[in-house]
Amino acid sequence: MSSAVADLERVVKEIAEEMRQRTDRGEPASYIPELANVDTGSFGLVVIDNDGTVAAGGDADMPFSIQSISKVFTLTLALGKAGDRLWKHVGREPSGSAFNSIVQLEYEHGIPRNPFINAGAIAVTDRILSGHQPKEALGEILRFVQFLADDSSIAIDRTVAESERRTGFRNIALANYMKSFGVIENPVDYTLGVYFHHCSIVMNCRQLAMAGRYLAHSGRNPATGHRVVTPERARRINAVMLTCGHYDGSGEFAYRVGLPGKSGVGGGILAIAPGKASIAVWSPGLDAYGNSHLGRIALELLTKRLGWSIFGA
Amino acid sequence: MSSAVADLERVVKEIAEEMRQRTDRGEPASYIPELANVDTGSFGLVVIDNDGTVAAGGDADMPFSIQSISKVFTLTLALGKAGDRLWKHVGREPSGSAFNSIVQLEYEHGIPRNPFINAGAIAVTDRILSGHQPKEALGEILRFVQFLADDSSIAIDRTVAESERRTGFRNIALANYMKSFGVIENPVDYTLGVYFHHCSIVMNCRQLAMAGRYLAHSGRNPATGHRVVTPERARRINAVMLTCGHYDGSGEFAYRVGLPGKSGVGGGILAIAPGKASIAVWSPGLDAYGNSHLGRIALELLTKRLGWSIFGA
Amino acid sequence: MSSAVADLERVVKEIAEEMRQRTDRGEPASYIPELANVDTGSFGLVVIDNDGTVAAGGDADMPFSIQSISKVFTLTLALGKAGDRLWKHVGREPSGSAFNSIVQLEYEHGIPRNPFINAGAIAVTDRILSGHQPKEALGEILRFVQFLADDSSIAIDRTVAESERRTGFRNIALANYMKSFGVIENPVDYTLGVYFHHCSIVMNCRQLAMAGRYLAHSGRNPATGHRVVTPERARRINAVMLTCGHYDGSGEFAYRVGLPGKSGVGGGILAIAPGKASIAVWSPGLDAYGNSHLGRIALELLTKRLGWSIFGA
Amino acid sequence: MSSAVADLERVVKEIAEEMRQRTDRGEPASYIPELANVDTGSFGLVVIDNDGTVAAGGDADMPFSIQSISKVFTLTLALGKAGDRLWKHVGREPSGSAFNSIVQLEYEHGIPRNPFINAGAIAVTDRILSGHQPKEALGEILRFVQFLADDSSIAIDRTVAESERRTGFRNIALANYMKSFGVIENPVDYTLGVYFHHCSIVMNCRQLAMAGRYLAHSGRNPATGHRVVTPERARRINAVMLTCGHYDGSGEFAYRVGLPGKSGVGGGILAIAPGKASIAVWSPGLDAYGNSHLGRIALELLTKRLGWSIFGA
């Protein structure tokens, strides 16, 4: 075992232990009933470097709802299908407002600012659906995530999806609003059905870090050598993650962590150290921006201790 | 001469030549009379790597008004004086709106979103001024820039500064608006006087790339070894440049170029390849966001050809 | 026949004739397919004074979709049921924005500004529904309008209602958005179903002017003597019509016409000359604010010739 | 003495007495130091009917700063000078936001919504100034108010004006912002100087009610028979007062009082009962919208007891 690998494993274990002991744990998402009851005591961290070393700490194998992290995978899939035409339906600028704001949509004629706010991810989902049946589109997304993680056991929690469908009034509002501008082309129920379901994919940190390897490795799965996207596309997805991946806390995440990342209200974060590693962290208590409180702190410590910030040593 | 240095010099020359030949050159800033008459035929590019190699192409020695690029230096200076207390007066999130928008200020009680929109830079200038006479504060800023570039000949174009003072009604509005919330503490005329003057600093690409070296080199001037800021602060300034450095085109710049950067309406851009190089480019024609049109294209080509994107190879 | 009555009848005939001859007729509402094909050549005007004199001109008996004019009747009905508690669900200030804007809702936590913008009328409809079945609530609204007009033949055009239900994405967005704040209490589909149907009530100018008499006559039907609302409530409904009845053209309508009024995108306007007359006008071509182009002009001429402006002789 | 006159005098005395006894008195304007120290115990009410009867109650002769009420007189003057061309510089729609909001200006390219919000009144003042020296323009405004009130003793409190000039950062921001769009044509300092001074005119209720007679009497001074404006213009000014005269509380004022009116943060309100009377009320404690708390209540009682609402008996 090389000393770099030993260092990595030690740092991951240390951070998991430090996070276990902290008493400031944030609050779980309250607006999705199924997520509100999660125990904020959990914390998991997995780092997979580009040699395939897996360093795991804490609740690395405990499953959670990936929620908005799925937007990274749907963006990748939609770019594969639509190419740069996708950008006619969604922008790639930070939004300067909350994840579910509708104001920006009115001022910009129904075009959402980026693929990582809810409106943008719904528009991206609509591009994947693109005339197919919801079931087929959802199957395609799930199989893509299974392929990325090399794990066919990954599944959707339909109870969470149904719960969001029943209570997700703001997302229903966003989708209908975009529909009124013609930005959504499929029936709103279809698009939202697929959206709510892909947000309800369940993974653990190990699976999530596996799934993110292509972004850390120039678009290739380093284990199999399979090309998922071109190197340029991998860089560009990372760039959108950096500028837009944490809603109105994206600047803060870049400032403190210094890695492209995407969070979900389930408490997970996928972070990418380009050329170095794919990282998944999970702790269900959230901060004021809706991002995992301990997850963000753990990533800040990790990049500092390993010198992995993309902004300099 | 190493082959890496040879490559760098070749790439810089090539790009300068390609830019010279392009017919799409953008439009110069129209709202500052002194800048409106600049010849859009100019293009300069200088890259200084961390070994001190200087690769120059095009109009590398032609002076231009650095305008908003000065905000990087005033942010650095203000952080040195106020430390993290600075962030009580200004945020560090992308704004999601134009460089001179006043809407965000009303919704956020006079606190500007980040130090690189005009309102934010005015608030930062107010922190540097902080009870001193405008002349002293301005002298301090100018000496700091001269120190960073190791060139005491750098000066201010007072004609441009006076022109902005006479016609900069929107900046006057922004400053008074913040004053009404108590965010600006000095007399508005003092703060704006210093602001308009530091925006009117004149540099050429060579000087500008020299001045940016500390950000590419963990906070140190690699030539002298002098520490300007801590490594962490250098990383964080780079992070703010990446997320906020190009107004409402910051996402686009990250997506296409993949480097922290700060543009000015004079047509200059300072870009940082952390651990690798400090880069200055200048071409006065602007794109729709107010950023140098050819400058951005040149940087996109440079990062692609040299594999310097912070988002992966 | 008194000379005042003769004057009234002459003025109404004259205006109808002048409107018939005008070539500037506005454009019909485009977003409801069933309304888009209406002939803009039509024009009708009926004035009923408080002595019961009916002066009619033009297409006074041609039926049209009253659309948003129904909001006056639902506001009256909801105030009767909920009293001043209604104002917890909707404000009574002009909105300063378009009839279907969603921006204001976000800044004001889901409470619509007034009962005459779409969001406000949907919230009012929700108060009428209030736990009942949609069919019952709709029946109550229709019977109330029939009672006001003293005409049981008034009906709903279900084709128009269905068309709006299928294509009214922005109203669906507004309703779900308010639901996300808890402002809408019934199932969104129920509330919108009732809303789309009461907007699809069909009346002619004669029926509409009859229905408005209580607002011109201190809350009483002057023919039957039946009290519909208290005098104070009639005044207050008139006040809301004056300040909010024409969306973002309300100031313009007050400035030019000087009467409380409520327009619908079907081209109808109900206007009230308090103490004097109830007035209905209809012409399907709309102006830029979505109000009847010739309807507004006809009312301006009418108030000027009869000296009926509430703002002075 | 006719019984109507006796009634009027009795009602005015009663209301003044009721207001004297109330303990809820609102808070004085805090942002203008000279106004912050006013005693909220004061209350004055004067009604002048169209026969010239003057009914006075309370502190009818105590002088106060008319502040924004001056906007009625400057609007009248500017319409006299510029006619309908004035409406290119200012709209006449309710604003849907606070009196000093700058947001609307950004979305509407620097054109203020109406002449009674601060931005609009500054734009109107700029039209009166129109190339003249501030001193001349201010003299013209003051003489016009003296002429309307038939009282050459009316003067400006220069201490208040100077205080506003020193501390009115938000108005300075609004003016410079409009200047950046070219809506303000004179030097900003000139326009603001005139604006701050005409807001600082000092009157008592008796003078103010006298000055408003032309609006209640079809544009004529009923005492002298002099025409101030045409009947149509008087109606239109009343209409703008009704829809826009109380900032974001205009709907509320119309709903409760039912008269055109214009308030000032000095605690005064000028209200017009068209064809009946000119009314001035003053009490320095303000409500949440910045309108006189007891002034509004007194007017509500007055219109109810006298049956003067323009919206019906």
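Labels for the chains are A, B, C and D, by order of writing; each one numbers its residues from 1.
Just so it is clear, contacts are C-beta pairs under 8 Å (C-beta built on N, C-alpha and C of every residue); 3 or more make two chains touch, one makes a residue touch a chain.
What you see is a predicted model, and the numbers here were worked out from it, not measured in a lab.
Steps from chain B to chain D, taking the shortest chain of touch contacts, total 1.
Seen from the C-alpha centroid of chain A, the farthest chain centroid is that of D. Distance from the chain A centre to the chain B centre is 32 Å, each centre being the mean of its Cα atoms.
Spacing of chain A relative to chain C, judged by their CA centroids, is 48 angstrom.
Between the Cα centres of chain B and chain C there is a gap of 56 Å. Each of the following residues of chain C touches two or more other chains: 107.
Across the complex, chain C is touched by residues 91-97, 104, 113-114, 215-216, 218, 231-232, 234-236, 238-240, 242-244, 248-252, 254-255, 258, 260, 274-275, 304, 309-313 of chain D.
Every residue of chain C that touches chain A in the complex is listed here, in rising order: 101-103, 105-107, 169-170, 172-177, 179-180, 188.
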